[in-house]
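Two complexes, one shared chain (chain A), two partners (chain B, chain C).
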Partner chain A sequence: MTGIAHISAADTKLAEVLLSLDVDKVQRQRVVEFIDVGLPSPHAENWRWSDLHRAVDKGLDDFPATAGQKTSVELSGISPDKTTFNSSHTDPITMLAGALAADTARRSYSIEQNHSEPLVLQAIKQNQLCASHVQIKIKSGCQVIILEEIADSGQILAVDVREFVLDPGAHLHRILICNKGLKQTRVQQSFVKVAENGHYSQFILDFGAELSRIETHLSYGGENAKATLSGAYLLTDTARADVTSVIHHPHLDCITRQLHKGIVLDHGQAVFQGKFHVPASGQQTDAKMGHHTLLLSDHGRVRAKPELEIYADDVLCAHGNTTGTLDEDALFYMRQRGLCEADARALLMRAFVAQTLEDLPQVMQEQVGDKIDTWLEQAL
Partner chain B sequence: MVKNKMLEIKNLEVGINGSSDNILRGLNMSVPSGQVHAIMGPNGTGKSTLANVLAGREGYEIREGSVQFEGENLLELSPEERAAKGVFLSFQYPVEIPGVPAMTFLRAALNSQNKIRGEDKLSAPDFLRLAREKAAMLKVKPDMLKRAINVGFSGGEKKRMEILQMAILEPKLMVLDETDSGLDIDALKIVADGVNSMRSAKRSMIVITHYQRLLDYIKPDMVHVMAGGTIVKSGGPELAHELEKNGYEQFTPAVA
Partner chain C sequence: MMSDPANVSDRLDPKTVQATRDLESDNYEHGFTTDIETEYAPKGLSEDIVRFISAKKQEPDWLLEYRLAALKRWQNMTEPTWAMVDYPKIDYQDIYYYAAPKAAGSGPKSLDEVDPEILATYAKLGIPLREQEVLAGVEGAPKVAVDAVFDSVSVVTTFREELAKSGVIFCSFSEAVHDYPDLVRKYLGSVVPPSDNFFATLNTAVFSDGTFVYIPKGVRCPMELSTYFRMNAEGSGQFERTLIIAEAGSYVSYLEGCTAPMRDENQLHAAVVELVALDDAEIKYSTVQNWWPGDKEGKGGVYNFVTKRGDCRGKNSHISWTQVETGSAVTWKYPSCILRGDGSSGEFYSIAITNGYQQADTGTKMIHLGKNTNSRIISKGISAGHAQNTYRGQVYVHRKAENARNFTQCDSLLIGNNCGAHTVPYVDVANPDAALEHEATTTKLSEDQLFYCQQRGLDLEEATALLVNGFAREVMQKLPMEFAVEAQALVAVSLEGSVG
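After this line comes the complex of A and B, so read on.
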């Protein structure tokens, strides 16, 4: 519980708005519980570079407090589980999602067979303030691709919590595309549990927002599991993107591959926080983290914090982090062959992020590639 | 201007931005259409600077003189405009560009040049046919076209890729900056054969080299000796042999 001293203007405004919502008794209880806790402290280590309080405060200034349709969730026509929705997570973001989301936006799904076509996860948001909380369980040995795209349809604040539970040998390929939304504050928080021999692949493409925080907490639940986390952020104007992840390796022989790349133009601001945690039980962990940025504007900013917390003595853990600009020699070489400067820059930028797409399923390559190409055309 | 002069350099004085010293000091040179001119000289005399200035690299300050290409002021054009006009620089150290496949790069370059010249784009199948045909001619493996341009290529492969680009882009003026560096005898011969296959009455070449050996394969019409930022002696192909025998020492006092 936070003390009085920590209540910010954003907390107060948010509490007023939440209390004005027309909700049922159960949701009202979640509202009260959230207000008691408040937004994550801006002084907390993993929030100090992304000021959620400032973003919420700014967003709520324009909030007209009109009641709208409830947010609802769909997953490619698959029926949600009938069991009562239940989550073990009690962090402020999950609680905020609980306060904002009605039962229509709190769903659990079980995937019990392979799907060759991507399943589309959609939170249909019709309010300026909205949230969803979705749990997806992938049964043993099943393979599935789940695509989610966050559009800018006028939300001031969008909070989405995702829980993915992979049973032994399951393989989930998750693709999250976050479109640009300069007035939007969005927080996507995912909790992933990967059982033995499971494989979780995640690709995030973020074009930034007033604040776009994509947070992934992954924990291996058994031996020989694998996770591939990749993504790219492409920022223009005043767009901000924050990629935060914490990967726990408590079991033997788990493999993590993480690679994020970003391009920052104009007044774009990026945050990368990546943590590998390996307790003494996580022997033979093989984990690599990479974060590389092209910082192409004097006004842009990139903050990066790779963290390795290792207690096991027989592991392979590495991280690499770079910030740079385009290679002038390569630019001249390309122009000497006839490419105009903008085309040469676009080709180099495209090539820079291309590496993060290597792990994408074939069916998604074109869609994601087109998004990047469109951004490059508009940015240059 | 004499009608068949493709390139005319007059009294060219060039320095690096931020330094008052000149690297090129009153250089004069003219290359008629269809001729191959060799520039030889010791290290540090401005040979590569001349190549870079002709191609339009940034960072150089033109302090005096002029460069006319087919009667047009070359110095006021951007690097890509010069390329579209037909100026091609074969780099001493071709740049590695990770993530950009050679084929993608070549097609983008050709289409971009066509666009600047107001010509039509080449369709993808037509381009593929053209690239494959030229690659076979230059003994460039098709696999190399799929790889990122110059990344992990051997010295010989990089130079062959330069020649392949030339063959596809069909420039009017080819500037070969120490194309022989880093090549073994076999690779040198393949590269020289490629260059020779492009000789024509409408195409000129400037071959920059330290050694006479390359000129055994690419026979020049004229040989220029460069020292101290200017051309100190010009002559026929026999001048290269004389240099090989006597070295550059006879010209170095000119620098002092």
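After this line comes the complex of A and C, so read on.
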């Protein structure tokens, strides 16, 4: 491991496990390349609040060295492209996904027509360590909804990389649901490129994990493009959720709307890191970022860093960040109307996250709403 | 260098553009040099230099040991790189760590003994060192006691006798070490420990002079106190140390000003300021930072790497920082409040203006530890020319800090298209009763105020402009009277057309 200054216990354990995997020559090469780089440093600015090394180290303690089936990827029966899989990203997480994923879990797709029903993206994971890397290209003018749900089926470490490329005028609505997995460390990294007049909408619902990190790196590739990023995290027990995003605005007239809300109960821990980067070429950018949390436990913790980096003088970038608790007056009022305390609290919490669902496509409203209701029932 | 006026966005208030332009280095009035015989320590930093400084000041052994321990620690530390500033590597062995006007000897004397050149320097800067000059001014003008620090030594401290009548101690740090060793020993490093950070540790090893203030129990300091820092000697750094202690129920307002000559080389200024407020005490600390910013090509200028921290140690204590930052080539400065006492509160009001090739990474930390603590952060950043201006702030609420409240608002404005404005807030909350708000928009103004203005016949846009501009002035108004003149140009500043 020549590339890293400090080699942690997690780096060493992970290297041992990766080298013990029965993989082909090409994947072996990716394993060697990753080991050379190692996990992102815990001192790196964007990892200081989520200790990946600790989570990986803890997870690998229970790792039995048995090989299972390879992870494979499916997208609602659509055939993957036949071209050789190729990615330009060299982030350590992307490299880790490359080391862990066999060819069956590295796929590219091209969407060339509208789909009214949501397409379901599935990484079928049968190992305790698994990864996938999926590229989806949406052709000019096409509209599509892609749904992905991450379940807890015994993975210790799940690393998923997604690349979405939207051609001019394309519209992708992406919904990602991450179920609770208290023994799971998962990192989802998405790279999104939106061409002129394109529109990318993303909704993330995260119930937390040992460590659940969802990263979005979005860059506009042309003028008049738009992105709506919303989501909610709902945390109980020892669940942790980390929402990290970097939005690049190098073109004229692009609009970003970002809104994340969260509720933290028990020993839950939440991290929000958002960044708008506007170079001098990004004039008339209109970008708004909001992150709001209800912290409802003495043992919970919320950390947020809504960041702006602006080099263009005619833009409007705003960020808001609040942390608070339930409004006592509202609770009192509802109790006067005959609601029991638990119901009143649930209603306020439901109303709090409801705003993040406004942008969801109609077909998804019910499914996502039910998930939230079930969580509220269990949590209270 | 300001970009061509034609390139300035028409959304901006012309008065703001002009006010910012007035602060360009071409208009720097304090860049003259005082030709005076100066005594230097040999260049470079070593145990011998630390011993030299300590011996010069005839310090007790404990303080020498304290410095040497810090030096040892510093030698194993690395310079922080996380700030959004970029400057060539500093050669710490190429700096004079001690420079003093020869005639100054070991410390301040009576005014008659001070080198007339130095008096002339302060007169030129508009700083009254003769008590009668202050009194001869406008009738009813408030008195201000001044500690004048010239390079590594304090040359004059005025109004000491009058202050002593109220029990207020106002003297140079070097004198305090001799005259009030118990107080110094008790409080030095209790807010900014020697291990705090690279620049604070460096300061602990080599600090020269600064101001010591002690306000006894229940005393309201009868006049404003101030320190005027002047860097003059070539190739030297300034490493002052200020310690202000406000005993229970006391009040003090303290002002600080700083200037330096125009030089082609970069000069290092690494100060440490510690404030301690006990039960019900209030400290108001104001700064107009106007170090030489470097010329319009970005050559020269002061590296201002300063650690300022206040500890609201007592119940219901209050510390307020107000800063106007217009100088320095590179600024790295985060005046902070540790809200330890129950019911304590902290405030931070800041206007940072960068021109030319200036870089500023500045903000505050509000550390909520006690119950019912309150903090407020108002920060305005204006960036022009090729400058980079970053607000970096932290609000932390400890698990036991019940009922903490914070309000943060930071706005930034870009004049021209070659500069940058950045906002990096860190919010860390571990208590469910905390109510924290952070916003950086100009549109999120009080609905009530907007409604009221509209009722008076203003349209929404006019009402918004009025409230936003009022806000910038509100920060200015937090400055004590004495800085009103220096800050006058800045009053024209508005945050209309801010980017985020």
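Basically, the second predicted complex is superposed on the first by the 375 of 380 C-alpha atoms of A that agree within 3 Å, B and C clash if a C-alpha of one lies under 4 Å from a C-alpha of the other, contacts with A are read in each partner's own complex, and residues count from 1 in each chain.
Criterion: a contact is a pair of C-beta atoms (placed from the backbone, for glycine too) under 8 Å apart; a residue touches a chain by one contact, two chains touch by 3 or more.
The structure presented is a predicted model; accordingly, all values stated were derived computationally and were not measured.
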Superposed partners chain B and chain C on chain A - clash or fit: fit
Kindly classify A:Gln336 by the partners it touches after superposition: chain B alone (first), chain C alone (second), both, or neither? first
Following superposition on chain A: angle at chain A, chain B versus chain C, Cα, nearest 10°: 80
Is it chain B or chain C that touches the larger share of residues in chain A? C
Aligned on chain A, what is the least Cα gap between chain B and chain C? Give it in whole Å. 12
Let me check the overlay on chain A: which residues of chain A are in contact with chain B and also with chain C? none
Chain A partner contacts - residues on chain B that touch it in the complex: 55-58, 78-80, 82-84, 88-89, 91, 94-100, 104-106, 108-110, 112-113, 116, 148, 165, 169
Once bound in the complex, which stretches of chain A touch chain B? 327-330, 332-341, 343, 347-348, 350-352, 354-355
Chain A to chain C touching residues, read off their complex: 45, 276, 280, 283, 288, 293, 295-325
Could you please specify the touching residues of chain C with respect to chain A in the complex? 8-9, 11, 82, 84, 399, 412, 414-441, 443-444, 499-500
